[in-house]
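Okay, got some structures for you below.
Look at the two complexes coming up: subunit A is in both, with subunit B in one and subunit C in the other.
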Partner chain A sequence: MFAATHPARLNTLALLGVALLAAVLASLALGSNPISVAQVLQALLDPASDPDAVVWGSRVPRTLVGLLVGACLGVAGTIMQGQTGNPLADPGLFGVSSGASLAVVLGAYLLGHDSMSVSLLLAMAGALVASVLVFGVASLSRDLANPVPLAIAGTAVSALLNAVISFLVLTNASSLEAYRVWVVGSLGGRGLEGLSLVLVPALAGLVLALVNARSLNSLTLGLDLARGLGETVWRARLVGLGAITLTTASAVAVAGPLGFIGLTAPHVGRALVGGNHYRLLPASALVGAVTLLACDVIGRLIGGGQAEVPVGVVLAVLGGVAFVAIVRRAKLAAM
Partner chain B sequence: MTGQGEAALDREQGTRATAEPGERTPAGPVGTAALPSTGGRPPTSGIDLGVIALPWRWRVLAVTLGCGVLVLAAFTVGIAAGSSRMGVLDVWSTLLGGGTQTLQFIVFELRLPRACVAVGVGLCLGLAGALTQTFSRNPLATPDILGVTSGASAGAVVAIVLGGGGYSVGASLLGVGIPAVAIIGGLLAAAAVYGLSWRQGVDSFRLILIGIGLTAILGGLTSFLLVRAQLTQVTAATQWMVGSLNGVSWASLWPMVVVLAVLLPFALTQSAPLEINQLGDDFSTGLGVAVQRHRMLVIATSAVLAGVAVSAAGPVEFVAFVAPQVACRLARTARPPLIASALVGAALVQLSDVAARVAFGTEVPVGIVTAIVGAPYLIWLITRHNRKERR
Partner chain C sequence: MIMKSRLLVAAVLALLTLAACSSTGTPAASSSATQSAVADTGWSYTDDTGKTVTLAARPERIAGFADQMLTLLSYGIRPVAIFGRVDVASDPRFADYDLTGIEIVGNAYGEIDLEALAEAQPDLIVSAVYPSDREGTVDSTSPYYGMKDLEQQGKIEAIAKVIAVKVGGTGLGLIESNAKVALALGAEQATVDAAKATFDTAAANLTKVAAEHPLEVTVMYADADGIYLVKPEDEPQTELYKSLGVKLTELDPDGAYYWDIYSWENAGKVMGGDIILLSNEGYQIEDLKKQATFATHPALVAGQVHSNPYVAMDYAAQAKTMDQLAAWLSESQDV
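Up next, the complex of A and B:
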């Protein structure tokens, strides 16, 4: 193993740090009402000087939400890819996010509540059921690493769940109005209140992911070798499932179902720091956070000043491009 | 088909194809439980017009006729069902020229256009799905998954946003423009998917995966355009995301009729190469099929069919996937029978639309109903297949 002070590692760390800083500043400064960086910094230090409370009132919560959700989704994707060996795994693509959002919408429909904490619990239940369902469907085949059954099972499960969601939202337009925007995925909706609520489960999920890192490293070698290395596979799977559920559900509860972050972040992370999950998980978390913030800023800018484009839409376009690139690059025989 | 990439779900079709080279040979033992052999009966009769040869087995013929009757029944129900009830007899007497003035108005102005468009959309999608599933030898390769449907959808939305026309499906202002642009969008999407999957030939899995990626991109672009367009009517926007027959008119029907009149016979002329193609690319080349040209034609045909269907009703999901598979299982053929697939598609869309209108109190887009019906079938197909792989 390389020492932590290896120059290449330091460079990578510096690169990620600079990217993160840039993304945070852009997210604080840019939008329908652009503010100069100097003004942003001043407003951060002295809330009273904040013009119309834009920075503290809307941009800071939004940026924090973006950081946490991006990190959660990046980590969830990394675990899914590590657990399955499938380079196309992603909580959004494989229906886990749809499961969480269906549970939230269904809860709002049946119980008529609008409380974040209930939504969070429901999102967790939904994410758990959907991941068990997708992996169950796909694991009936011999290896999870074959991307096609899993990708298509995920697409089918997503399509089904999304159809049910649209059905509920369309037939109960009045009561579920709030969810019509939320199901597209956006960072603006929930604010600090939502963030504080999901902070604990999200951090728990991230810690659980790090606990899973050793197992992920041995699972990458294949089930037999992992067993040979003393891995208890079912326990490793269970911990992974827990981490996926916690991170994805937290992300969905606060920002709606966002796809493709979990797909791309691990690929970028792997290119930067290699396949060791002790380094890959933090790197993917950072990459996910940077990507999500950047896409959110793009969505604010291309809206043309009137309506902003939800970050879920931006992610679908850019993430789709990344997906195609990954499929084209990966040798199918190896996949 | 590169042998290496061929795996999992593709094998099913592969075994079927090699086990049963064509309908002209006696059906031997077939690799799947869902397709039991037809026994020792002499397999085919048929007509041969030179260009169009229609060899058939009696079962296929019977299934096709049965599906035709089903479509007719569904069509009748489609006209009869609604807020003001009418009986089956009323429907047909009105259609044949009788009936009261009120009935005539309800049937000809309100219900008939919708029922006709439902049948037309189903025919187009069923046929398009049968073509793509056959040429790729993979049940998962449908216009939905290959990105053709979302390409057509994006094209239609581009036409609306740039043309500044009405937002609702089939708005008469752009009666010709929207179908044309939707077809172009579908063709471009098909070309993009095909081009991006090309690597010393096209592997059907890469095709599907690239299609999934492109579907996401195009879906995102469509949402983006709808956001930018400052859509006042949200329901009209969902129409382009989900697919609905709400508000169709006679103007939505005519482009579809023209396309079907041209492409259905053309698809039938491709029947023989499609059949031979089941043996694999190398074999078909050896037997004198210009494989790449044939494949281009088939893809283009299905893109045009899907495009015109989308321009009339928006992306009605899963019809192109389910209809050919159902027809294939009913007829017990090695590949989806073209006409029967189209008819099953028509019945499916029509019945789903009736359900969408009547069953839920408020009107639901038909695409939601077809997705709720179709997605579980797709999931079931995957599990069933995977279990077989495992044995």
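Up next, the complex of A and C:
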């Protein structure tokens, strides 16, 4: 039944693809530097004519980063909600965002500077360590099939890490500085270097997510039915956790802890294509990427000319409104 | 550092203005500080905000904000307690001074150990205020710089009376204002005169070198949001350099106060400088090189980027900094 193709839903996926294309074009054409579309097109075809490297130096890498980060967040949120059976779960639930944040702050505290590339590496490492820590704590319960110990361990570890972050930030101004810039979440100033660093883990995470799709479909039916369908639940959990960690860590490392996409993209995806994860995962990835790029373009345009508003701020405002709208429509498809 | 301080101040001011929009703020008098030591009736001082403090005798035990305590130390006055925006013990600006016996009562903005401050038994506390616009307006409803809020300020004022130096206007005016406080607190006139003589020599030398090497100097801070270009007339230190004949990058002297933000895709508009003085906070040289839209900056390519920490506004410290700038001007290429 799940594998049956549903023409309307495939059409929806195709429409999401068109929306993504539109978002990509907007992201390439619009920005805080008011160069014309003709100039952008010419620069795309002939990099030598690129005015001040705006297109190839800023918009192209930024668009690619936005695509990858948005897709990662959408997928991570979908798996998190599917794994925990909790429609309010977001990718940060397993302590990944907190781990990344703490690593960035610790880097500023111990190394005394807030270089972008160092922050990137630290965030990646911190996210991975936090994830392993959470899984380790949860495994003490000897019942990894049950999502509750994982969620509790994630919440506890996050709370602990956030306490340490607060302590460091409040007692040391230079770590506050690094944290302030990073915690907002932005696609600005990220070059291809940032992308290249997270490309492999991000793609690995996305592949793991697809591998996890069948298990997620079974888990949605409840643990007993999933076992009845021949699911090895602990293995499904491990694959899911791996996918969440790799995708979230990649996204957080390159763009900072962006909110709302991980939480809302799965809901929009579910409303559009239903609960089958073979369609839901790609749909959430597309929704996440479209949302992030669109919000980033908005942030570039409302900065008042030559400055920009970081996408994290735009997401916080628009994402909140969007989420309320989703809830109000009361069309939350059953998990 | 001072630039970020300004940002913080601006944010705090904005919040307080919102919170207290109904109350009519009394515009602070911008008259120059006047000191009148009256032998019989005690000691009194009118500070930059127009506030007059009267004490039974000249205060001997001084406490206050790090920037102001640095200038006092340079004129031979040892405070009993210091609170800083960053860790005071590791602040390189204090490296030349022996802090033995001086109580460090705060190492982060607004985090002041009131008990320790009270135990130091200061007779007077010297603080700072930052104007919120080009006209030098001081918001009387916001706390002194370095203090968390009016509540904390009230507790501090209960420990000892507070005077403030206004960190705005011309560089020379600010240096003189700091020196005036020192003289009122018992600094030797000869000490101040000697420091001023050194300063005058350095200033004359800087003017001479700037005429011989008319290179353009860009003073900026950078982070993921882009480039923050300081407006020379709005920052006392750069105003000083400008008044001495140094050519500073100045793209939009009017408009927003203190600095303009150029997103990374607008970095091409800030390519005019031959020498870059880069804030020691935020992005550093290696980070700038990774920004494709800025990497081709001639000064960056020529290695003419120098770290720019906040320097105390006293004659000796500024003389040293001007000598350094003069050396950079004469060493650097016109790019």
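Everything that follows uses one rule, which is that the second predicted complex is superposed on the first by the 233 of 335 C-alpha atoms of A that agree within 3 Å, B and C clash if a C-alpha of one lies under 4 Å from a C-alpha of the other, contacts with A are read in each partner's own complex, and residues count from 1 in each chain.
The rule is short, and it goes like this: a residue touches a chain if its C-beta (ideal position, glycine included) is under 8 Å from a C-beta of that chain, and two chains touch if they have at least 3 such contacts.
These figures come from a predicted structure and were not determined experimentally.
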Q. Given the touch rule stated above, what does A:155 touch, subunit B (first), subunit C (second), both, or neither?
A. first
Q) Who does A:300 touch here: subunit B (first), subunit C (second), both, or neither? A) second
Q: For A:314, select first, second, both or neither according to whether it touches subunit B, subunit C, the two together, or no partner.
A: first
Q.
Tell me which touches more residues of subunit A here: subunit C or subunit B.
A. B
Q. Just subunit B (first), just subunit C (second), both, or neither: which does A:117 touch?
A. second
(Q) For A:18, using the defined touch cut-off, is the partner it touches subunit B, subunit C, both, or neither? Pick first, second, both or neither. (A) neither
Q.
Looking at A:170 after the superposition, I want to know if it touches subunit B, subunit C, both of them or none. Which is it: first, second, both, neither?
A. both
Q. Touching A:53 in the superposition: subunit B (first), subunit C (second), both, neither?
A. second
(Q) Applying the document's definition of touch, where does A:259 land relative to subunit B and subunit C: first, second, both, or neither? (A) first
Q: Residue by residue on subunit A, keep only those touching subunit B in one complex and subunit C in the other, then list them.
A: 170-171, 303, 306-307, 310
Q: Within their complex, state which residues of subunit A touch subunit C.
A: 31-33, 51-54, 56-59, 61, 113-117, 170-174, 176-177, 181-182, 186, 188-191, 193, 300, 303, 306-308, 310
Q: Quick one: which bits of subunit B touch subunit A in the complex? Just the residue numbers, please.
A: 4-5, 7-9, 140, 145, 196, 199, 203, 205-206, 208-210, 212-221, 223-224, 227-228, 230, 234-235, 238, 242, 317-318, 360-362, 364-365, 367-368, 371-372, 375-376, 378-379, 382-383, 385-387, 389-390
**Q.** Partner subunit A, residues of subunit C touching it in the complex
**A.** 4, 85-87, 107-109, 111, 223-226, 260-269, 271, 281-284, 286-287, 290-293, 295-296
(Q) Show me the residue ranges of subunit A that touch subunit B in the complex, using the header's touch definition. (A) 88, 93, 137-138, 140-142, 146-149, 151-153, 155-157, 159-160, 162-164, 166-167, 170-171, 180, 184, 259-260, 302-304, 306-307, 309-310, 313-317, 319-321, 323-324, 327-328, 332-333
